[in-house]
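Take a look at the structures below.
Paired with chain B in one complex and with chain C in the other, chain A is shared by the two complexes that follow.
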Partner chain A sequence: MDQFLQHVLNALILGGTYALLGIGLTLIFGIMRVVNFAHGELYAFGAYMMYLWVMVLGTNFYLALPLAVLLGVMLGALMEFVLLRKMRGADIDTTMLIMIGAWIALQNTQQLTWTGVAKSIDSPFPTSPLVLGSVSVSWNRLFVFIVALALIGATYVIINRTRLGKAMRATFQDRDTAALMGVDINRIYTATFALGSGLAAAAGALLGPVFVVYPTMGDLASLKAFAIVILGGLGSIPGATIGGFILAFMEELGAGYVSSGYRDAMGFLLIIIILLVKPTGLFAQKERIG
Partner chain B sequence: MRLIEGKIGMMFRTLKTALAVLGATLLAATASAQDTIKIGVTQPLTGAFAASGNYVTQGAKIAEEQINAAGGVLGKKIQLIVEDNKSNPTEAVSTAEKLITREKVPVMLGAWSSTLTLAVMPKLEEYKVPMLVETSSSGKITTSGNPFIFRISPTSEMEAKAFSPLFKKMNIKKADFLATNNDFGLGASKEFSAAAKAAGVQVGVMETMDPKATDFSAQLAKIKASGSDTLFVTTAVEQITLILKQAKDQQVKARIITTGGSNSPDQLIQQAGDAANDSYHLVFFTPWFPEAVKNPDIAKRFVSLWNEKKYHVGGLTEGFRGWDGIYTITAAIKAAGKAEPEAIRKALWNVKVKGINGDIAFIKQGPAGKESAQNVPSVYLVKIAGGKVTRQ
Partner chain C sequence: MKRGLTLAWLLFLASVPLWLDNLYILHVLIMTGIFVIAAMSLNLLLGYTGQLSLGHVAFFGIGAYVSSLTTLGFSVHLLPDWQVSADPKPVWFGMLLGTVVAGLFGWAIGRLAFKVRGAYFVIVTISFAEVIRLVALNWVELTQGPMALNNIPYLRLGIPEVFEVAFLRKPANYYLVLAVGILCYIIIRRLVKSRAGRAMIALRENEPLASSVGVDVTRYLVLATVVSAAMAGAAGTLYAHYVRIVDPDVFLFIYTVTMVIMVISGGKGTLAGPVVGGIIFGLLPEVLRSARVPPEMQWVVYGVLMILVVYFLPQGIVPAVRDWWLSRRAADAPDVPAEATTKAASR
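Entry: the complex of A and B
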């Protein structure tokens, strides 16, 4: 029973960051129809910026966090402006190839800048964990979980309660009609990509101090994010949130009670089953045609 | 008109100078190609094992400089041709092919991880070029019948055997195992659990993890529940760092012992901090107390050369492999009297080299008639206590 409770707690904490990763990716895909292979690199970028602020420049941890996210937002906006704006209207394969190129370029730049040696980031949290009866969790992870939930909540508010969000939703439903109604499509696209990138960078900046930071850390993050998005349905934010938690529970309980060797297979097994039963994913909105 | 002629004349002169420079460089290049003996090196310089691969390469390059400063071998300088295998078995095969067919190297050093080395092995047989294996520890490498393999690093079996007396000494009653899910990790878990059983130790849970994974909460929850007193961990330093930190978060009480020698205690102290304390590590070089090794003079010289270059101090436990590898290869070239693959392969069987790890010499392993060569290296156990590496 103790073991089960520990597994549940671990899965909850892990699910929060998975959801954060998934939302950024699903947002970009839903609104822009861009398969963002560079998503994991924004995650790594966020972690490295956290390292830069905290360990190199000696900035306060809580100040470094928004700074790292802000840099992620700026990099996202820059990437959209330089790489994607010219390709507006190009088919999904073309932009996908561009993003694969961006992924490789960013990852190698990180390797060149920071070398392959893993870096660790000091955090201001106590080193002894929070003990709740028979289970325990580190303070740092609890902090990550709470901030992740807050960011997910903030994203909902932006999408559902603001003018920008309204324009984003209109663009998601029908780009051309939205443009005809006076929505500045270019601005919406840049904002969407920047927001999605910022969420990935936030996940990296939050998890950098929990794990270690190294150039290829984004690969696994990308893989998980894609799994979550497919699980929840492409373009669906509630889908990505719930998908993140489902994946975390599958992995944690699968590894705990079936076999840890197949930990990553568990998630993908579930995806196969869901796609067989409901090919659009759990919460997909109606497919847009054309 | 004259002005134009002048200009043309000047252009010609510039062109001629350019040609002369180009020609000279080309000549110099051919001259140096004739004057050097090439040694191929395939290491993971990028990707998951980038840190370790770079350390081994740095160690190998220090050896190259030292050997050349002392006059080289057979009257020629040695020249390392380093290729990046990107921590990827497919790339490892192409680097080997490129080194052998395009660079025409007569001997190679590589390829860090067991999976990468196993991928390269068929190419060695195809082109009949020997390779010195500096890090990989999977038993399969020397038992599968590839006569072009010369391994200086210990097999997991040797490591487990060296550890065997310690089961009793450290009062281990029940042990769990956590290993990275590849040839290296699975091989080590198998050998160490067998050694544990032979020593009368109860084997608890045997867990694995993806080589790229960063979260081990599920595995650690299971290990915590098993109630063992000791946990054997086999993977590279990045994952060990995370396991130490996460084991502390989940209050895993078992004492952690890491195997495989790619555990860089200095890096663990730096990155896992307090969580690294009271963990034990099997290493193949002890730069913290070079006087403890078999050839302390060489070890001390290597440590001082490494520090002179301002290389990362945590890389010493990997870097020494590159040094030992290149010195062993050079000794074989010298004994062979010529830089040809078959002559070097034959000569490698008889080399006796004073290395940083100890005295290097090869014994036969694997099926008769197609034996691979295996060195019997030294294995040391160190403990991290109070943020320092201490002798055990």
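Entry: the complex of A and C
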């Protein structure tokens, strides 16, 4: 029972960052109809920027975190501007191929810059874990969880309470009508991609100090983000939030009780099962595409 | 004219081992040929039915693993007290079995994955490939996991002790790959020019319309997947018995991406496209390597090239060249309306 509680706690902590990844991807897909294969690279980028600020330049940890996220936002905006702006009317396969190209180029640029050796990032947290009765959690992970929840909350506020969010939701529902009502679609797209990228970079910057940073870390992050988004239904933010936690629970319990080697297979099995049983996802707002 | 060109091209390909004495380049050509076969098989799905399968490397790897395990023999506990073992079988049988098993997986995946389309289909196929990769990595008793399957026997054809051809050396393997490649090309050509092929193209162009005039959607999509998967499996068996070592890295996603780049850049939905794209992107790494470009930089170039191709040659190289050729011919012969020729050429 103690072991089970520990797994549940671990899953809860992990689920926060998974939800961040999923929300970023689902925003980009829902609003822009772009299947963003470079999403995991933004995650890796966030982690490497954290490494750059903390370990190379010696910046304060709490200052480095927003800086890394800001750089992720800027990279996202740049990518949207350079790669996707000219491809507005293109079909989904075309933009997908562009994002696959961007993913390969980004990942190998990172490998070239930082070499393939895994890097670790020092964190200012005490090494002794926080013990709550029979379970324990490290301070670093607790910090990650709290920041992730705060960022999820902030995203909800942006989407539901601001003018920008209103314009995003309008674009999601009907792009042409939104444009006719005076919404600057190009601006919305850039903002969406930047926001989604920033969330992915935040997940990377948060998890970098918990695990290690290496060039191909984005691959699994991308695929897991896809699993989360499909689970929740493409374009659904509450779906992605809950999907992130469900995936974390499946992985944690699967690793604990089935086999740790198949931990990462859980997400993919989940995708296959969900798509066969309920292809629209658990919380879809729209019919499946295609 | 066209027939003569094809014949000359084939004769050139067949003559390569006779005058090329650099074995390393021959090795590169063999690997390129194996990837061209895989790219051709992907083109059947991506180009003719319009379904972007990003799990294609799974069929390649399944072919490689099934063929290797059949020829090496294995012994595995399916349950703690239920052991299944198999003795080594001849290589030709293993290669055949690998192809068939890959085709069976194609059938199963086709039945399951074609419930969804578009982005969902892409993600199901990726997930499938990743699950297979993790099984290959973790089922150590069967696959040796990351320790890899070693000493895979090479192919021998003929009657033992009387007359035997051993496919151990590079020229023999070159001809084997060339023969299988030509066979696959002919199969795909016959398929896409048949009634089934027209049905596939109709599905690609407009699925609701095609199904409304009585095209059985699932049947033709599954047919394409089975043929495509079996061919990718055949390419995998060629790889296994040529390289003679197979590890879970054959399932790496980057190989699928390589195949996709080959098909897209050459021209999806054309017969020659994957061959042209495959040769370009099969030889490009070697050109870059001889220019002393570090491997990461090669991949950066790959990624950037892919974006550039999608931007500037969205139809691929082969249709672009054909359009240019036809429009030039049309300009030379004024009695043929130029508009009609280019229209016919664009598909």
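The rule is short, and it goes like this: the second predicted complex is superposed on the first by the 287 of 290 C-alpha atoms of A that agree within 3 Å, B and C clash if a C-alpha of one lies under 4 Å from a C-alpha of the other, contacts with A are read in each partner's own complex, and residues count from 1 in each chain.
Everything that follows uses one rule, which is that a residue touches a chain if its C-beta (ideal position, glycine included) is under 8 Å from a C-beta of that chain, and two chains touch if they have at least 3 such contacts.
Quick caveat: nothing in here was measured; it's all calculated off a predicted structure.
For the composite obtained by superposing both complexes on chain A, the positions of chain B and chain C are in clash. When both complexes are overlaid on chain A, the residue A:276 reaches chain C alone and has no touch with chain B. Touch criterion met: A:29 reaches chain C, while chain B stays clear of it.
Looking at the shared chain after the overlay, A:2 reaches chain B, while chain C stays out of its contact range. In the superposed model, A:108 lies in contact with both chain B and chain C. Applying the stated contact rule after C-alpha superposition, one finds that A:74 touches neither chain B nor chain C. Of the two partner chains, chain B and chain C are each touched by A:219. Of the two partner chains placed by the overlay, only chain B lies in contact with A:118; chain C stays clear of it.
Once the two complexes are laid over each other on the shared chain, residue contacts for A:211 go to chain B alone; chain C is not touched. By the touch criterion defined above, A:264 lies against chain B and chain C together after alignment on the C-alpha atoms of chain A. Chain A uses residues 108, 111, 219, 259, 261, 264 to touch chain B in one structure and chain C in the other. Looking at the complex, you find that chain C touches chain A at residues 52, 112-113, 115-124, 126-128, 130-131, 134-135, 137-138, 253-254, 257, 260, 264, 294, 296-297, 299-300, 302-307, 310-311, 314.
Within the complex formed with chain B, the residues of chain A that make contact are 2-3, 6-7, 10, 13-14, 108, 111, 115-120, 127, 129, 131, 136-138, 141, 211-212, 214-217, 219-220, 251-256, 259-261, 263-264. Those residues of chain B that touch chain A in the shared complex are 45-48, 50-51, 53-54, 181, 207-210, 212-215, 217-219, 221-222, 224-225, 237-238, 241-242, 246, 248-251, 267, 270-275, 312, 314-315. Across the complex, chain A meets chain C through its residues 29, 35, 83, 86, 92-94, 96-98, 100-109, 111-112, 219, 223, 226-227, 230, 234, 259, 261-262, 264-265, 267-269, 271-272, 275-276, 279, 288-290.
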